[in-house]
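Naming follows writing order (A, B, C and D), and every chain is counted from residue 1.
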Amino acid sequence: MHKLTMAEAIREALREEMRRDPNVILIGEDIGIPGGWGGPFTVTQGLAEEFGNERVIDTPISETGIVGIAIGAAIMGLRPVAEVQYCDFLFCAMDQIANQAAKLRYMSGGQIKIPLVLRAPTGATGRGAQHAQSLEGLFTSIPGLKVVAPSTPYDAKGLLKSSIRDDNPVLFFEHKLLYGSKGARKERGGVELFGEVPEEDYAIPLGVADIKKKGKDITVVAKLLMLHRALEAAEELEKDGISVEVIDPRTLIPLDKETIIKSVKKTNRILIVDECPKTGGWAAEISSTVVEEAMDYLDAPIKRLCTYDVPIPFSPVLENYVIPTKERIIQTIREMLG
Amino acid sequence: MMGLGKEKLLLLYKQMLSIRLFEDRIYQLFLQGMIPSTLHQYQGEEAIAVGVCAVLNEDDFITSTHRPHGHAIAKGIPMEKIAAELFGKVTGCCRAKGGSMHIGDYSVGMLPAIAIVGSGIPIANGVALAFKLRRTKQVVVSFFGDGATNNGSFHEALNMGAIYNLPVVYVCENNFYGASTHISKVMKLENIADRASAYGIPGVVIDGMDVLEVYKVATEAVSRARDGKGPTLIECKTYRYSGHSRSDPANYRSKEELEFWKSRDPIVLFKKRLFELNILDEEADKQIKSEVEREIEKAINFAIESPSPPLEIALEDVYA
Amino acid sequence: MHKLTMAEAIREALREEMRRDPNVILIGEDIGIPGGWGGPFTVTQGLAEEFGNERVIDTPISETGIVGIAIGAAIMGLRPVAEVQYCDFLFCAMDQIANQAAKLRYMSGGQIKIPLVLRAPTGATGRGAQHAQSLEGLFTSIPGLKVVAPSTPYDAKGLLKSSIRDDNPVLFFEHKLLYGSKGARKERGGVELFGEVPEEDYAIPLGVADIKKKGKDITVVAKLLMLHRALEAAEELEKDGISVEVIDPRTLIPLDKETIIKSVKKTNRILIVDECPKTGGWAAEISSTVVEEAMDYLDAPIKRLCTYDVPIPFSPVLENYVIPTKERIIQTIREMLG
Amino acid sequence: MMGLGKEKLLLLYKQMLSIRLFEDRIYQLFLQGMIPSTLHQYQGEEAIAVGVCAVLNEDDFITSTHRPHGHAIAKGIPMEKIAAELFGKVTGCCRAKGGSMHIGDYSVGMLPAIAIVGSGIPIANGVALAFKLRRTKQVVVSFFGDGATNNGSFHEALNMGAIYNLPVVYVCENNFYGASTHISKVMKLENIADRASAYGIPGVVIDGMDVLEVYKVATEAVSRARDGKGPTLIECKTYRYSGHSRSDPANYRSKEELEFWKSRDPIVLFKKRLFELNILDEEADKQIKSEVEREIEKAINFAIESPSPPLEIALEDVYA
């Protein structure tokens, strides 16, 4: 065990998988430049030095070209880990992601596989509307993609390993405020997150949620940054004798419905906290699933506490206002129990 | 002929004829309502698929477009599997889940064709990247139309192919139309090959109705790619005889234009050439033709007699 | 009044708006070519002849360029109606749609408006996975866009007029099987849909649902092709004395929640039928909204009957299998009632 | 000087100085933690924004990028409104909802800057289309970096600008780097302007450190556009002195390279020229400088003293 930040844990997963399997390569902008940053959040630092620029491939600002080349390489049996600098730029490659990566295997009648990971920093961090979206929810609506969203260094490393070993296109979302990037690339407002991470090889299977805190009065489902806010809220409520169960789905596709349903059957209440916008967002899927499978267990309407339906504003006070805060989580839980 | 023996020359001829007659027959069946969906046909452009694929090894790859039947036959997908796919039968090359626009067969080096214009080109780069990193000396050819060259995918892909020096050949089938739109409306250049200079790679314009010219230039480009000298953009001037898709009457173009190109028909021209070289005569030609027809009928019967897919396979192959 | 197909009704709306307002222009592939088709489904036939190629602008196959030029023109006060040939190609312009059109006004602090309509044919029609998606649901999750999805010629004309007059980016989804295109462009398997359409000017406000059939036992919410299947199902169930209320939301953003909630409070049951895939799809939003606002009125769990979570297969029998049919609607309603 | 009177020349000088000193000052404040978010600064590239915008009328438009402060000052957004936006204050040009990367002010002809690389170029076409259809004789300039020219948006936009003959000028600020990546890694060409030939429009390479050369070439291109003769691609060779963004130490480039470019500093060069022409002397220079500094301090004080935005405006302006 050692203590790592999220960025370090992800880097360690990449390094170990690249050592283990020569088919693993990295593709992206500014990831392997000598004297550069190792991608916008330092994740790939040092990897070009170890593996060379044949396996750590710097690209032009060509997201369509990046995802396309990764798809082709994956079809031929490489295991590319491609990246965009901000998940907002996934939209620049949307055709390749949604029309190609997600569908080619199916269209081929199962002839080909696309073992591709696409890493994408998500979440709002004071940069304004075009570098701030939480898009992991949106991609769950495209059959053929897997979607992963880890909230701790331990989960990130274990899930990234599984994603790389998976034979399907996996979108791997990393929250910018959870990286713990250091030095010049440190994020203002970032969560100080050091986590125990095993040094021996381990992998966390996709599709298994983690109950980050046990509780009995209400179930809260949250991911990424919101998970941490939910945990803080839970801690505070504990003092008032309110016992909150906090579930981290960790992978959105496939989704571990059972763990959520089971929890709801126990607590009879569920709140979904999410940084994706509310309308048409990820919380709606969780809510509908619970209604379909456990409506009779509910003692209160399911609530979704999500980012307001607006582009993310620039000003820190406004940004802070539109995204769920610990305070709003506490307040909502109190209302639901009240 | 460029080191091509008699047998190979006759093979080129037979392949072109196979494509032509297959497409003609499929169209009949389509009009009779026996084939679902839509069709984008390749008549008139046969010299390109055949001339290029003749240069490739079986383990070389191609990517294709919404108009893939010709590429598929030239790369060696059995006609049975193509026909069955068009008919939506489970014996099709994609188990009836791809369809006319997504014909492909990994085992002979053809990825499922990609029907989003331009989107196959970046993917071809990836295939080439795998070849390059593994030093396998394989190459990939990406086919696309004139219309695709106005799309961002073309630009990003050619630039990346150039900077990584990938073993890929970009083959543009310039049939002067993207759907109903003439190229002169959407591009100020006369030659698409001139765009190669924007990426620092060679660009060549050739007569896409002359299978031997296609073969010759493709040979050079494929050798360059195989030798690690990087990509080439080949522009083949050609023409599609059919409408853009299904029953498009193609009223946006003139009879004269169509007639002009038909007067340069790649199969007729090549046949004449083979006659002049005493490689082919009427007798042998008839024989080839009837052999091709037999093969086509066999493929179509196979397709017709094949079962529809069982419903549950619709839920398979989403994930590996 | 005259009887029009959907394609004709949309064309009539375009023509009338272009006559009324010189700022209205059309931009798209193959829309104004002499001897051409008037777009893939004949909608713009004859408009280039009347308005000239300055206002009916044919483009290269450059979806990013198309949406981008439309955005710029809209900012300057034109009212472009841009189109893609199949809604799947919206993904080729996703950055322009989601990162630019949806956000520029907000980012500008309200300085600019983007009165842009983007028409997009949706739905599966036997062409295979890349020409078959139902994407109207996905776009509801991007704040800043409006999303319209008409099911009848009358609605299409009236809603398109409102969309053109609206000062925001509107995605206007038209179902290929509802067009009633004729001649060479006729769709196999299309619904024969002739509807009464007023010849005088009228506009249907965005955000007002339409109860297409009154009923009392269960509420069915459906749009586009699924609406017609739901109506057929309702008719058949009527014979067995089951009274189904069928609601057509008509616009997805803004959504007329009130009409849906009111209906649920009356029928106490709701089924959402949708051609979008189930997971993360549009039905989830309707379901969650109902739970939030009317859970106590529900006598049965809310059900979502949606396309299976797969890319659309080519073979007609498979395609038919993965999309909700009249029979499955009937069966689901029976299950819910009994 | 190219028909430029003394006053205009001094204005160019003052604008360049304003950008330089504004950027320097903002950076100080940023390091002090007084400015949120990130910054992409324009020091070294001033001659481009100033030389180009000097040719434009107030009702001409520009589109900009993640690096917009220079363009904003040159196009005439009051520094108060820029500074307040950077500080996240409600008095900012975008009511604190845009931020550093989205500076814009419709009233002086600058659209909100677009921070997705390349994505502003197609939008500039649309502005130009509106001008063209309305026959207003306005033009639009689209600024973008070298990195943007490898993006599909660039390709689609330049082609469309060409075929519609739009009143637009494409100005590429080639500072040799896209973020940390040197242009030679991502493009095989020496001159980006050569890409113009792929669209059938003129392309020109110029010294982006020479404001008069920029002014001259921009004048020609803007006139062409205004006269209905279509777009031009202008490539300005330049250099950014700062790191790519916020506290990037720019270790991916050499001191020598930076020093070389600083030895060609656009402001120093132009100042020398003005001295030679007897348009400026030390005295006048000092005066201009202190005037600029006063304006900057005023702007910054305005920003600091302005109120934070009321929370409820976060929910406004999503829809019109």
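The definition used in the following text is that a residue touches a chain if its C-beta (ideal position, glycine included) is under 8 Å from a C-beta of that chain, and two chains touch if they have at least 3 such contacts.
Small disclaimer: the values here were computed from a predicted structure and weren't measured.
Undergrad: Which chains lie in contact with each of chain C and chain D?
TA: Both chain C and chain D are touched by A, B, going by the contact rule given at the top.
Undergrad: What's the distance between the Cα centroids of chain B and chain D, rounded to whole Å?
TA: Here the centre of chain D sits 46 Å away from the centre of chain B.
Undergrad: Can you compute the centre-to-centre distance for chain A and chain D, using the mean CA position of each chain? Integer Å is fine.
TA: Centres of chain A and chain D (C-alpha means) sit 36 Å apart.
Undergrad: Quick check: how many Å separate the C-alpha centres of chain A and chain C?
TA: 31
Undergrad: Averaged over CA atoms, how far is the centre of chain A from the centre of chain B? Could you give it in whole Å?
TA: 41
Undergrad: Which residues of chain C are in contact with two or more other chains?
TA: Only 59-60, 62, 64-65, 88-89, 92, 95, 99, 106-107, 128-130, 143-144, 309-311, 313-314 qualify.
Undergrad: Considering chain D alone, which of its residues make contact with at least two other chains?
TA: 94, 96-98, 102, 114, 116, 119, 150-153, 156, 159, 163, 185-187, 318
Undergrad: Please categorise the chain-chain contact pattern as a line, ring, star, complete graph or other.
TA: It is complete, because no pair of chains fails to touch.
Undergrad: Contact residues on chain D for chain C in the complex?
TA: 92-98, 102, 104-107, 111-112, 114, 116, 119, 121-131, 133, 140, 152-153, 156-157, 159-160, 163-164, 316-320
Undergrad: Mind listing the chain C positions that touch chain A in their complex?
TA: For this pair, the touching residues of chain C are 88-89, 91-92, 94-95, 97-99, 102-103, 106-107, 128-130, 137-138, 140-144, 253, 255, 276-277, 279-285, 287-288, 291-293, 295-296, 298, 301-304, 309-311, 313-314.
Undergrad: Using the touch definition from the top, list the residues of chain C that touch chain B in their complex.
TA: Residue list for chain C touching chain B: 29-30, 33-37, 58-65, 88-89, 92, 126-131, 184, 188, 308-311, 313-318, 321-322.
Undergrad: Help me check something: in the complex, which residues belonging to chain D touch chain B?
TA: 150-156, 159, 162-163, 185-189, 194-195, 197-201
Undergrad: Where on chain A does chain B make contact in their complex?
TA: Touch residues, chain A against chain B: 25, 54-55, 57, 59-60, 62, 64-65, 67-78, 80, 95-96, 99-100, 104-115, 143-144, 146, 167-168.
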